[in-house]
């Protein structure tokens, strides 16, 4: 019944937000926790679009917050599935912040979330393969295996010596 | 003026929450994004307690969400600084979920956040050393260096071959 | 200093939302008030993008709510400036609702908001002209004058007999 | 079982709000979207009071926002059914803003919402007639027919030439 | 500059709310904490109206919650100053809950809050006397002195033997 | 099935909060209503922990708000059952506010809430006895009877002359 494969671009989700006072810390800068909340919503919608079913957050990889974003700023989150594994999907999210009156626009954050597709009882169900087309999509697709091995090691579910793909981390950029 | 060192237990923060409808997905289970929002608040308070100044989120490490938590459940977040590095602090957070009528209590998640202490202009300022006392605190303190190297590699700011501590990842549990 | 004209596509804003319990009425259907709140945010960002300055809501035209949207559904709001008049801009918003597990996708609402560009003291400032390119954009651009006359009449600021464009309402579709 | 008619004053609803930071834009002025959210709640309660059943938003007419309202201000929304048509009701809402320390009080907005009374399955059900008593109530009652024709034309469900009542728009104030 | 006295009816505030999912506990009944939050807002507006300046919560008396209120219900809070003392005002709040489809309407709670009028630096400033007119207003006015003595005793600021008015508690209803 | 008795310390709940803009009034100080909302959540969790079942708010005693708490401040609420009576429990809550950069920490508020343990139909069910151990716990346990009599008198359910314990109020501190 489900499709066998879908293009990754079909899972593209854009979510724009205007920074309001309660999104910020006492400096008037966006709180990390609020941004992660929005990332999770955008990524959940993307995973639903790819799998055509409900999807729950399984994990989030390392995220860094280098660029303070000011109250009144405009945030754009873009989420897209990078690769599917049986019932799980890796979703890549990019966050851009604009200060419109000052005409600045910065790529402030990126993150990888993993979602699991579930039926109405919460049991995992298999998802279509994800087909990358552009070179950027192919690069993200290729890296997904390495990131997955790192996640399994970090979760204590894979022995480092069995992580053939990940060993590349010591020779090249992740 | 600032203290030279503080015990890690002085930064201990406990935050209890009751799961309300808007915290959950259409299955009535806690959303990952909401939990990360609460983790960020608890960790921010802990970093403030250690540094005696304001602190902003610098990064969050890999978090996994294996245990669905139901609406009406009681969540307890416990945050504590594990180690300090100049102006940054690693904070460890544990999340426990209780279903009180069913008498179940589960350690559902744990996470490491990194915060940077800042003055009122947002500039980094140095923080006291963090002194571990119990064996668990010492273990978290020791692992902090390895986790920091992994973060720097993941952020592209350290070459894997220079990460002496991290190499241990391939021989032991992280 | 400000640009003389901009393409309407430069003001395009997409905002995706996942319907949560507090967004719905006792039937579990999206409340009209919540949708108007999201429309206002999306339109405000679009008006900021066109004008490169802050913008405040001046009016909203008639909106109808014919399609109930269920909790758990995915809402996509798309906003774009249609035409600019001195310091004001008309913004067109379309709302699509998807029930992903049921594979339904419906254009549920559309609306026209008017925003005024303002400086930091709240005084109106002039905005670039808006240049339509596609036939749909040109159609929206052409209709903007007629809708503006209707707004002025409804606000009691224009006599019906002076509304040359609007008289067309009695001969053709609005 | 349902009453045949009710006085419009029986549907009167008052809703007071204190403007908090998250209700405002970066200028500290009330956002249009927040006000429409409150209007929808007040109007929904009024329609429930008239119909003695649940009621869902069917449409909102043109609203203009001419008077900026500052953070800390007190908002009073007053809603009342003006006229009933089978299963639908027109609700009139007035918004007053007070700056108490400055002793100012302004009628800032007014709006007409249309609600449909529904049973527990969401099917429309007929409502009592609405009986106006005061001259202001009678004026709103009389105008309701003309506004309804305009709504049907704007929604493409009535040909302008069949809108006998609305033709008056070109000779008198709406 | 300030008025010497005002009628208590001038401070009347009405606030209607529709119970949404996040206002309720896991049984779908209104949480006590949410109701107290709304009471505080309604009472704050009432105290502002009487004093013509900002006012902060000084205390709340005993409140009981005997009547569970269901999700979807309509709540009406009515607040009015009962008596003024130098810079403080006692505000009486009544809460009525309606289940409109079931045609039930119940007086569910009442409470007395005390507010202090303050200038822009937060310093207490004197307020007009409050003049009761109806017999109910006079009764609330008369009881205010007794309730004030009880508050002062409960706060440890008055010795019970000096509370002449309060001694009546042992002979009559409070 | 239920335990016969539990130590009061087993019901201890800690809830930390960081004051955000929407928690404050126009002076940037914590609103009383927001604090009561948090107190109710903390106390509800404590009552659930003692009774091992759901619990609903029955009443709250007099609370005073003497210490303004500023935006950005850290609030710590600590709740613990003091004594159980059949199906009801008295919960004591203390609130501490810290301004971390200024190194101030103040006990700002305390309150007594009463909760009733209920089954899934909302009917009251009996709870374990609460056993105090420390001298502070014993003092709170002893005072609970006197406070309960005051509540019953204030609710008009006990005649003052039958309140033997309460008469002590006129000779000693409450």
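In this document, chain identifiers A, B, C, D, E and F correspond to the written order of the chains, with residue numbering beginning at 1 in each.
Methods note: a residue touches a chain if its C-beta (ideal position, glycine included) is under 8 Å from a C-beta of that chain, and two chains touch if they have at least 3 such contacts.
Since this is a predicted model, take the numbers as computed values, not measurements.
*Asks:* On the document's contact criterion, could you list the chains that touch subunit D and likewise touch subunit F?
*Replies:* Shared contacts of subunit D and subunit F: A, E.
*Asks:* Please give the intersection of the contact partners of subunit A with those of subunit E.
*Replies:* Touches both subunit A and subunit E: B, C, D, F.
*Asks:* Which of the two pairs, C-E or C-D, is linked by more C-beta contacts?
*Replies:* Between the two chain pairs, C-D has more contacting C-beta pairs.
*Asks:* If more than half of the interface residue numbers appear on both sides, call it same; otherwise different. Which is it for subunit A and subunit F?
*Replies:* different
*Asks:* At what distance in angstrom does the C-alpha mean of subunit D lie from that of subunit A?
*Replies:* Computed value for the inter-centroid distance: 42 Å.
*Asks:* Can you work out the whole-Å distance between the CA centroids of subunit B and subunit D?
*Replies:* Computed from C-alpha means, the inter-chain centre distance equals 49 Å.
*Asks:* Can you give the whole-Å distance between the Cα centres of subunit D and subunit E?
*Replies:* Centre separation, subunit D to subunit E: 30 Å.
*Asks:* Which residues does subunit F have that touch at least 2 chains other than itself?
*Replies:* Touching at least two other chains: 21-22, 25-26, 41, 44, 54, 72.
*Asks:* By the document's touch rule, what are all the touching chain pairs in this structure?
*Replies:* Per the contact definition above, the touching pairs are A-B, A-C, A-D, A-F, B-C, B-E, B-F, C-D, C-E, D-E, D-F, E-F.
*Asks:* Could you please specify the touching residues of subunit D with respect to subunit A in the complex?
*Replies:* Of all residues in subunit D, those touching subunit A are 21-22, 24-26.
*Asks:* Enumerate the contact residues on subunit C facing subunit B in the complex.
*Replies:* 20-22, 71-72
*Asks:* Considering only the defined contacts, which subunit B positions touch subunit F in the complex?
*Replies:* On the subunit B side, the touching residues are 13-18, 41-42, 44-45, 48-49, 52-54, 72, 74, 100-101, 103.
*Asks:* Would you tell me which residues of subunit C are touching subunit D in their complex?
*Replies:* 25-27, 29, 31-34, 36-41, 44, 54, 56-66, 68, 113, 118, 120, 122, 150-151, 153-156, 160-161, 169-171, 173-174
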